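Next come two complexes, and both contain subunit A; in the first it sits with subunit B, in the second with subunit C.
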Partner chain A sequence: MKLRDVSSKKPVKFLALLLTAMFIATASAAVYYAMLMQSKATVATAPVYFSTGNDSSGILTLGTNDTYASLSLSAYPNVTLYYDQAVNLTATAAKQIQLRHVSISPGDGDPSVSNFTSVVFTLMNATGSVKGTLTYTTSGNQWTEPTTTGYVAIGATEEWTIKVEIKAAAGAKTGVSTTIVIAVDVK
Partner chain B sequence: MIWLVLTVLILLGYSLQSVAGSVHYSMLMPAYGTVSSPSVILEGGNCSGTSTIYTNKTSAKVNVTAPVPIYDFIDNNVSNVDSSVGKGTHSNFTAQQYGPDSIYDALTETNIGTGGNWGITSSSFASTSTHTTYRYMGGTSPNTNGMIVTRLYIRCGTTGTAAIALYTGGTLSDPTGATKRTEAYNVAVSAGWNTIDVPDYSWPANTITWIGWCHSASIYYSTSSSDCGNFQSGQGRWNQPSPADADQTAPMPTNPGAGSFSNAWYAVYAEYTVLDWQLDLEGQWTGADYDETNEELAIYVNKWGNTYSLDATGGYMIIGSGTPNWGSVTGTISFWVKWDTVGNRPWGQHDNMETRFSGSNLVLDWGATGSLTSSTSFTNSTWYFIAIVWNENTDRLYLYVGDQTNRPTLDAYNNAWTSTVSTVGVTQNNFMASRGGVNPTDGKGDDLRYWNTERTLAQIQSDYKTELTGSETNLRSYFKLNNNFDDVGPNNNDGSGSGSYSFSSDVPFNAPENIRVDVWNGSAWQNLFTDLTNGWNNVSVSSYLNSSTFTIRFKGGTETSDITQDSWKIDATLLQVWTTQTYDYVLKVVNQGAGNWVVNMKVYGSSNIGRLSTLNISLHDGTSSNQIAVSGGSIVKSEGESYNLPGGVNSTIYISMSNLLATTAGTSYLYVYLKIRVPNTSTYSLYVITFEIT
Partner chain C sequence: MLPEFFALLGIDVFLTLSLLSCLLDDRVPKALPYIYQIAALVGYGHLLISKEFFVIFGEYMRFWYCFIYLLVALSNVVAVNVYFAVARGQWSLAKVWSGAVTFPTVVISMFFVSNYAFVQEATLPLLTLQVGLVVSALIMGVSICLLLSPEAMRNVFRRERR
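Then we have the complex of A and B:
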């Protein structure tokens, strides 16, 4: 089939129209180059990543590219243990971030839940101002899970911290544990 | 065809990425929480029943008792440990045995001045003579402060009439420059010594003084210079030959005239009293507790304070409803006044009982027009004290004038005042104006007093710069004018203001002299306070309170030649003794692990701590670190410094409470965090400790 014949068929005409529309959609040179730059930065390193705080020693494990962090916390019965700087967040570009609940285990109904009283994650900026809080509390064997904090702006080169307060119930059994997964959303 | 499809797919993917617009990603953070036992726990202290450790040993309550001082009020005022004569008076000693409150004991100085005579007091003279000229004899007054001449004496050989006066000034060889200060004339005399009352005169020490006289009776004399007494022996009497026939029924000359000496000394002298106001009053405790660690003498003083004056700027004060009649047969009206513009009428109740000005001289219309005119020429912007004294029975009308630096003295007098004020009635009784607001004077007035008695100069001088209580004998109405028109005298004629006026803090006198307090150490007095101030005065007496008997004394600050009477209000006098409580440790902080910790304490709440005088809560283990301090009912240190709690099996530090003392019974709470922190981090836990202090 000759190329002239191909272009005269309906599918080919539709394709040509689509290509034209795409080119029109990307006609702005500025949008085009900004997208390219973003794409390159994302590949190199995350603009917001985890870093160590004053209280990270012995409790914090960072993952690849520092975009994953694991905390191992102690919980004392009937007393709150504070990690004022459990893990920090370092920004290399102005972004918006939020804390979001992902999962918790053991889940509601498990008897071991009652061994805990509360776990609080507090997002704080460099001056100590609270920017968001995720508070987990228990009532019997039920967790009360928090809602997302909502996005807040973090400036380029700023270093924020996540404070953790954890408290076990009076008479809690030693060795009982819980896993709370939260996410730091960046946009 | 294949190439075409691939190109389209690539372009489509690129387009979708562009539409997304930005990077959006999430970083997961799992947190694994595991229950474990804290390595640091609380344990009980060594004070039985003071601490309760709660579940998991991470919180505790401490219950301790705070001692309260013993308040032992003074027992009596009749001791005499130094065998001296007490001086001064109490108004209400029992008022010192409770309070502070509105009832107080006024300590008031008494006059211990004895007085004396100056001149020739000899009764052995044998010769008499009768002369018709004025005679004078002079010398130097005694070296004594606070003298007031009250009487003059003359020894006559026969009956007759005499005039006699006291002068100061001139020289020892010539009285012509001297000025008459006080006198009496047309006085009937008889054979022998004659005592002649004269208006009180404040006689300065070491001052050239002359006594002058004339008479129709004979008078004893001596020509021997050894009989000169206090007069100068080298000169004798001064004879003023003009007029040739002196009139003993009329006043003596204001100034002696020219004359000459002759060697004759006459039996005349002056009698004076000496003002010396002193206070020396003992107070004593018996059965005092003298075994406490802390022992204080505490005296509450309520000093009077002349805080305001009436500032009249066209307005004036109405006494009572205007009707109070101060026209008694005898009386004294006194007040302080400071003119902005000298003139008009500072006080008056009737056109025949008022004060007014003639030029800059004050005129008294006292029962009649122009009864007396001041010798003082008043000026603006000076506080003057003015006292008007009258006695219809003796026909005396005196005007005394003083100011802030000079005691009142006799300014003008009329010994032949035959008018009466007891019959004139009252139009309207006003201060800073007269009889219904006539001629209001422009200036400030203060401390208006009305007495229904003829006060002596000594009495006037004793309290003219002292605020009175209102209950003094013969005081009928008394207006302090301390921001109100209250009459604190028994007449209780509270007044009111009219027209333009205000109250001013410009006052003519204020606090009394110092009052000191001494303690008896068994053999002598030791000073505790050189001056008591308003409110509580506290001083340690631990070094003196060695037995159940304890004695103090109140003593005036100026006790030599004190010419002003002072008064002080003592409201409460007590011994305050106590021993603070210390608890070596009420809790232990035990580290069961190998890791090091640092701890400190911080107050996060309190209740009813106003009753706590002192308290320190400390961490200690060889060294001590004061963490929390309470003083005077307030937390003066709310957080302590970090204290090391090293790792090791049962490594322990201690929580102590010391210097615990409360002012009253009650229950106080301190809510405290014990912060247990990993060294060099901000990883910590807060243990709650409640301190209950009963």
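Then we have the complex of A and C:
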């Protein structure tokens, strides 16, 4: 049987047309869906933003629209330093938030890691209850990194705080620094 | 609902026409299913262009070119109906086609057009758009049929004169 004979048969023709029809219909629907999503993207103010706390003076730099914040913290050898209100989080709508580890540098294996003992970020609500903790500890030249605190509900107009405890190892060298990036997830 | 929904509807109408004309290939020209697939592909290209120039083309312009594409698709449904009735003289098939394909397709299109007009608060009076859709589809469908088989129409008129 020749190929021409096979392709001229009705079921084969129908099957081929059905397959291309399905492909065209699916691709068109995907393009339409993408356009629908594209048209729905509107700019709005962040429902949870960073704000200054009682201990923010001199250590906190807020980013544009208060959607990011940078903290410059000190650490002393063999002493735990507490920043009770390093930075605050203000909600304008009822949301769920969590703290999440993003990155830390210098990374594992770097000799300077051993200069630190621990860095702890504690999420606390307006009444001072602990809602979640991110704890970074060291073991030799290795960091033990946390994952997430898990989502907790924050009410509209509530102001929560992030407390930071930082401790350098006994005999730590001066001038050594570490950069920790954490994210506040909102949903 | 975006105006491109009408283009999507038009693509689906063309694809349905393609599959149905393949099933009825002994009654319609052999190339028709492929022509309808190409028409659906043109609609897909149409959607891609719309997506690319989403911001540049205003909603008014997007509505009209998508609406016209749907109108062309509906006209082809009517044209096939007229072709069965006039050119082939198969009245029973034409009746089935009109009940199973033409009528539901036109009603569904009218529903979405009126829904769009209601949601977008179209400046056109509500009825103008729907009646315009049906009348344009009918006129265009008959015209397509005349263009494809002028002989059949001449024969009908000759029979009427006798």
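What we mean here is this: the second predicted complex is superposed on the first by the 144 of 187 C-alpha atoms of A that agree within 3 Å, B and C clash if a C-alpha of one lies under 4 Å from a C-alpha of the other, contacts with A are read in each partner's own complex, and residues count from 1 in each chain.
Note that contacts are C-beta pairs under 8 Å (C-beta built on N, C-alpha and C of every residue); 3 or more make two chains touch, one makes a residue touch a chain.
Keep in mind that what you see is a predicted model, and the values were worked out from it rather than measured.
The wider contact with subunit A, measured as residues touched, comes from B rather than the other of subunit B and subunit C. When both complexes are overlaid on chain A, the residue A:Pro106 reaches neither subunit B nor subunit C. When both complexes are aligned on chain A by C-alpha atoms, subunit A residues 18, 25, 31-32, 35, 38-39 touch subunit B in the first and subunit C in the second. Subunit A makes touch with subunit C in their complex at residues 10, 13-14, 17-18, 20-21, 24-25, 27-29, 31-32, 34-36, 38-39. The part of subunit A that touches subunit B in the complex is made up of residues 6, 15, 18-19, 22, 25-26, 31-32, 35, 38-39, 41-42, 46-50, 54-55, 57, 67-85, 87, 100, 102, 115-116, 119, 121, 162, 164, 166, 168, 170-187. Those residues of subunit C lying in contact with subunit A across their complex are 2, 4-5, 7-8, 11-12, 15, 18-19, 22-23, 25, 33-34, 37, 40-41, 43-44, 47-48, 50-51, 54. Interface of subunit B with subunit A (complex): residues 1, 4, 8, 11-12, 14-15, 17-19, 21-38, 54-56, 58-59, 678, 681-687.
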